[in-house]
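Both complexes below contain chain A, partnered by chain B and then by chain C.
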Partner chain A sequence: MNLGKGILKGLVETARNFVGSYYDPARLVTIQYPDERRALPEKARSFPMLVYDGEDPEKGLRCVACKICEKECPPQCIYIVLDRDEKGRPLRRPKIFDLDISVCMSCQICVEVCPFDAIKMNTEFELSTADRFGSLLLHKMDLARPASYYLGLHPVEAGEVNARLAAGPGHAETKAKPAAGPAPAAGTTSGAKPGDSDRP
Partner chain B sequence: MIAGVPPSAATMFEALDQLFVSLKHWLVGQLPPAWQSWVSLAISAAAILGVFMTLFALTVLIERKGLGRIQNRYGPNRVGPWGLLQPIADLIKMLTKEDLVPSGADRVVHFVAPVVMVVPVLMAYAVIPIGRNMAAVDFNAGLLFFFAVGACIELAVFMAGWSSRNKYSLLGGMRAIAQMISYELPLILSTLPVVMLAGSLSLVDITDAQAGHSGGWLARWHVFTPWGLAGLLLFTVAATAESNRAPFDLPEGESEIIAGHLVEYSGIKYALFFIGEYLGMFAVSALGITLFLGGWRAPVIWLEWVPSYMWFFLKLGGFVALFIWLRGTLPRLRADHLMNLAWKFLLPLVLLNAVSAALWHYTAPWTFVGAGLARWLLCGSLVGVPYVLLGRRLFAGQHIGPRTYRMAA
Partner chain C sequence: MNRRIPEDVLIEALSTGDLVPESPSHAAVLPRPEGAPRTASEAKPHPIALGDSEGTLLEVAVGPHHPSTHGVFRMDVVLDGERVVRLKPVFGYLHRNHEKLGEGGAYLAAMPYTDRLDYFCSLTNNWAYALAVERLAGIEVPERAEHIRVITAELTRVLNHACLIGFLLQELGSMGTPIMYAFREREKILELIEALTGSRMMCNYMRFGGCRCDLPSGWIEACRDVVEALPRFLDEFENLLSTNEILMARTQGIGVLSAEQAVQAGMTGPMLRASGVNYDLRKVDRYGVYDRFEFGVPLGAHGDVYDRYMIRMLEMRESVRILQQALRAVPAGPIINPKARLRGFKPPAGEVYGRIEAPKGELGFYLISDGSANPYRYRIRPPSFINLTILEDMCRGATLQDTVAILGAVDIVMGEVDR
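Showing the complex of A and B:
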């Protein structure tokens, strides 16, 4: 019969935890966040960013303002205006690229559909602000990040992307043609990642 | 006189022991005679208030740290070194919070309830001897007074529960009434043997009844007798329930009725309930110390040089640590288990404990060889055997172990 034995056993157990937490640091699993940080996992993601090659974010932006991401975005948080020269011809770059992170749900669909590997997921998460309108609407230059930064965030994924970009024809030469190499859906308008071919 | 130290050192220890008493006498002596008795009481009250409020602040911090460590967490460690300034931060937070009163509440009762909670608890400290000659009032019915004012807590809790006009508050208040009235009986009856043998209700007299040494060194605390040991354990269980501490914190059960009677309180009124609860815990611990653990007396003759108030607060610290430890260990009881424990288990045992104490008293003249052991066995088994039998009877037919889910797959 128990008759209080369980209570004593429980007391011993908690005492062991109490004393142990002072002698065995492995017991204390708490990461004291602002002071200590856990390394983010490879697949971590917060909100999208725009990747650019080279030094200049204005020139090197991979985005060609095809607006596929804008159309696909489920909560419709992306707003793109195509840049045109003085004669009105399109320049294949965005004049405006706005992304409202108060609306964005981090679903990564924009990344999946982008045929130019221009939009990728960032991992920055300390984005709180006192201004809930202006500061949460990120503009083109707020979103631009160098390709090296992307490689640092997601080495495996970025490595694959870089290999694909190096192997395939340069994205600047092929108009709407995807940089995804020998994908079966190449030539269709909706980009061409494997598995996207059943999309209307 | 203190044993085992040279006379000059003994005088010094004596002075240290009576430091606060002499200080008060000197202060009061400076005043005109007409004022003296009033000022003396006021100084005692201020000292009690200051000391126990500080203890409250410390206890809250230590409890949070201790519970954290029990659960392998750090506990508060942000404000000041090791989180030591956390109580001050909490105080500022409590004082600056909005004081909400529900629109449907009985405003007067809602306002008065926190005060009714704290004031009687503070009054209860008046009769407790904190050290040698350090009881604010040597009241000849001190124990009765203690329980009388202690019963006001039930009133306060029910006032809070009723006046808030909230279903959770009312449920909490009803649970509190049911629990506190049920446990008041074992609590008071567990002190009965002490009163029987000391022949007095005065807590100063009860402390004096535990004076002297058995075997020339061990203090004659009541806890060193079979009925005292059983009495202390029963008293502690009942006291835990009476002060609404885990595992008897049903009136506040956060998981089922949010915070019970505290739901509609915020800011400083909530803090007052909190203070009242902790001060009640200290008071009932202090009573347990006075009744069973020799009050301010040292456990062995060689340690009598330590000032009496130090012993008292050391024992109080032990009690507080035990309450924190229990809170970190035991899950909350179910309401019917709670009532079973009080009425079917504790009540028979405290009554038998009184019989055991009487037997202990009347077998005192025994002088044959092994009389002490025989008395221990006899008196101990009078409580111990029913403990085992009752425990078996109550657990009979109950499945204790991992829960089986019949409906869920």
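Showing the complex of A and C:
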């Protein structure tokens, strides 16, 4: 065995990498994270959020509490209670919308199945906390984000969604059609929330 | 070393439920010291205990928290001095009830769980599951989606093999350098995967009948840049490692596995091909659009750890070839079959076994459908689990530090072994 030749060849390679790391960006890819941040890609995702239109998160939520996401969520981390008025009629909005992000696995199946474009993926990832229980269970108001925030996170996707919503309820219907389950039946009574994706 | 068992004996033993008897020639090669436990059931249940013949044998538990065991994996080794007399792989520390969860939920709900099988290669796991369900339901996949699947699978293969070589070298004592070079390349590929799927590791990208979302603008060009830079990285990596005398001395002639043994143990993937068996599902099954691309299947001649290292090096080069062809050939069109349904998906009753060549070997999903919305039976054939079963035969007679190298070359990920 020609002892030493292969090792020297390898050391030349490490030397080349060491020197190269001073000027070649392909060899030095480290990002000094808290000080430097790279821009997240358009499709980045962390945990779901609820999108609302207008100024008031309570009134403008697109969510109609159809519970499709609750049903389809693989780890079952969503809990929804439909809001009702004093006469007990459904109000097409959630009274409770809880999402346990200690259980959520960011699969975004809830986003895919939502016929109302109400639940979308957030990209916030610095969510560590010393509280093991309370602060990982997000409630409706923790999850609510304005539509402008959504547009800022995912410009291409949100642009398509906005175009679809602007095209009117007829088009929203075509999107909602494959999801024809128990959901629309629950929401067909009073239209408490005027707007975008409502059925006529 | 040849542990060939006649087929009739094997079938008889299996049908009666008895364990396969050890051939006498095998014991002759490696004489057991007095007092060595004869079978696994005779071995002491305690992880650490002195052998009963005046302390000549030592039973040691390597792992489950040991840096050389690739995660929570335990090897109960019986040592005579430095030589391994017996070795018992113990796993299950990372069991997550995946298969039963798959039976409890809808077909789609199991897709994000498959990411977590072999968490280095979530895209190939997705593909294997999607392929099985597509066969079950008879869903066609559009051309564009098939090409995207090939591209993502080959990127995953490069990523997996580069990291595996890094880990192997780390375990051989080369602290840091090779694995950091590998991770530098992995980072570039992960960025591509993140731009495509939104997540670096838990991609959840494939859907029954296609892919979840289309390629973002500029992705093909970015991917081409990364792929064009890969041969340079591979040359560097080979210069660094392939002729290194220490690596050769530590790996050549270690953990030798004959082709017969490898076939009998049901091994697949680079482990099998390192023993010289020409079996690659991309060529055998020709699933997806692999039949349109030109690529070779590297084969080993000796079946030792060095061959397993070299096979992976060469497979990365073949993957680069496939990637170059696939990136040129991506057609326009839909990425998902318009007939595929996201919700209320109920395939017809029947059973199916869908398999692909994952970076670690044959990854198969066996599904039985009773026509309802969730599978009646959901079973996975994980490559690294099956490849691990023959660990004892490779390690018997080797020293403990060689055992680490042999285990490192098997390429296990405990998420997949334990499920």
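In this text, the second predicted complex is superposed on the first by the 161 of 200 C-alpha atoms of A that agree within 3 Å, B and C clash if a C-alpha of one lies under 4 Å from a C-alpha of the other, contacts with A are read in each partner's own complex, and residues count from 1 in each chain.
The rule is short, and it goes like this: contacts are C-beta pairs under 8 Å (C-beta built on N, C-alpha and C of every residue); 3 or more make two chains touch, one makes a residue touch a chain.
Only a predicted model underlies this, so the values are computations on that prediction, with no experimental measurement involved.
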{"item": "Fit-or-clash call for chain B and chain C when the two complexes are aligned on chain A", "value": "clash"}
{"item": "Partner chain in contact with A:130 - chain B first, chain C second, else both or neither", "value": "neither"}
{"item": "Partner chain(s) touched by A:29 [first = chain B, second = chain C, both, neither]", "value": "both"}
{"item": "First (chain B), second (chain C), both or neither touched by A:166", "value": "neither"}
{"item": "Partner chain in contact with A:7 - chain B first, chain C second, else both or neither", "value": "both"}
{"item": "Comparing the two partners chain B and chain C, which touches a greater set of residues in chain A", "value": "C"}
{"item": "Chain B versus chain C as contact partner of A:17, first or second or both or neither", "value": "both"}
{"item": "Residues of chain A contacting chain B in one complex and chain C in the other", "value": "1-4, 7, 10, 13-14, 17, 27, 29"}
{"item": "Parts of chain A lying in touch with chain B, wherever the complex brings them together", "value": "1-4, 7, 10-11, 13-15, 17-18, 20-22, 27-30, 32"}
{"item": "Residue ranges of chain A touching chain C (in the complex, touch as defined)", "value": "1-7, 9-10, 12-14, 16-17, 26-27, 29, 41-45, 68, 72-74, 105-109, 112-113, 121, 156, 178-179, 181"}
{"item": "Chain B to chain A touching residues, read off their complex", "value": "66, 69-74, 325-326, 328-330, 387-388, 391-392, 395, 400"}
{"item": "Touching residues on chain C, where the partner in the complex is chain A", "value": "105-106, 108-113, 115, 177, 181, 184, 187-188, 191, 194-199, 202, 204, 212-213, 216, 229, 236, 239-249, 341-344"}
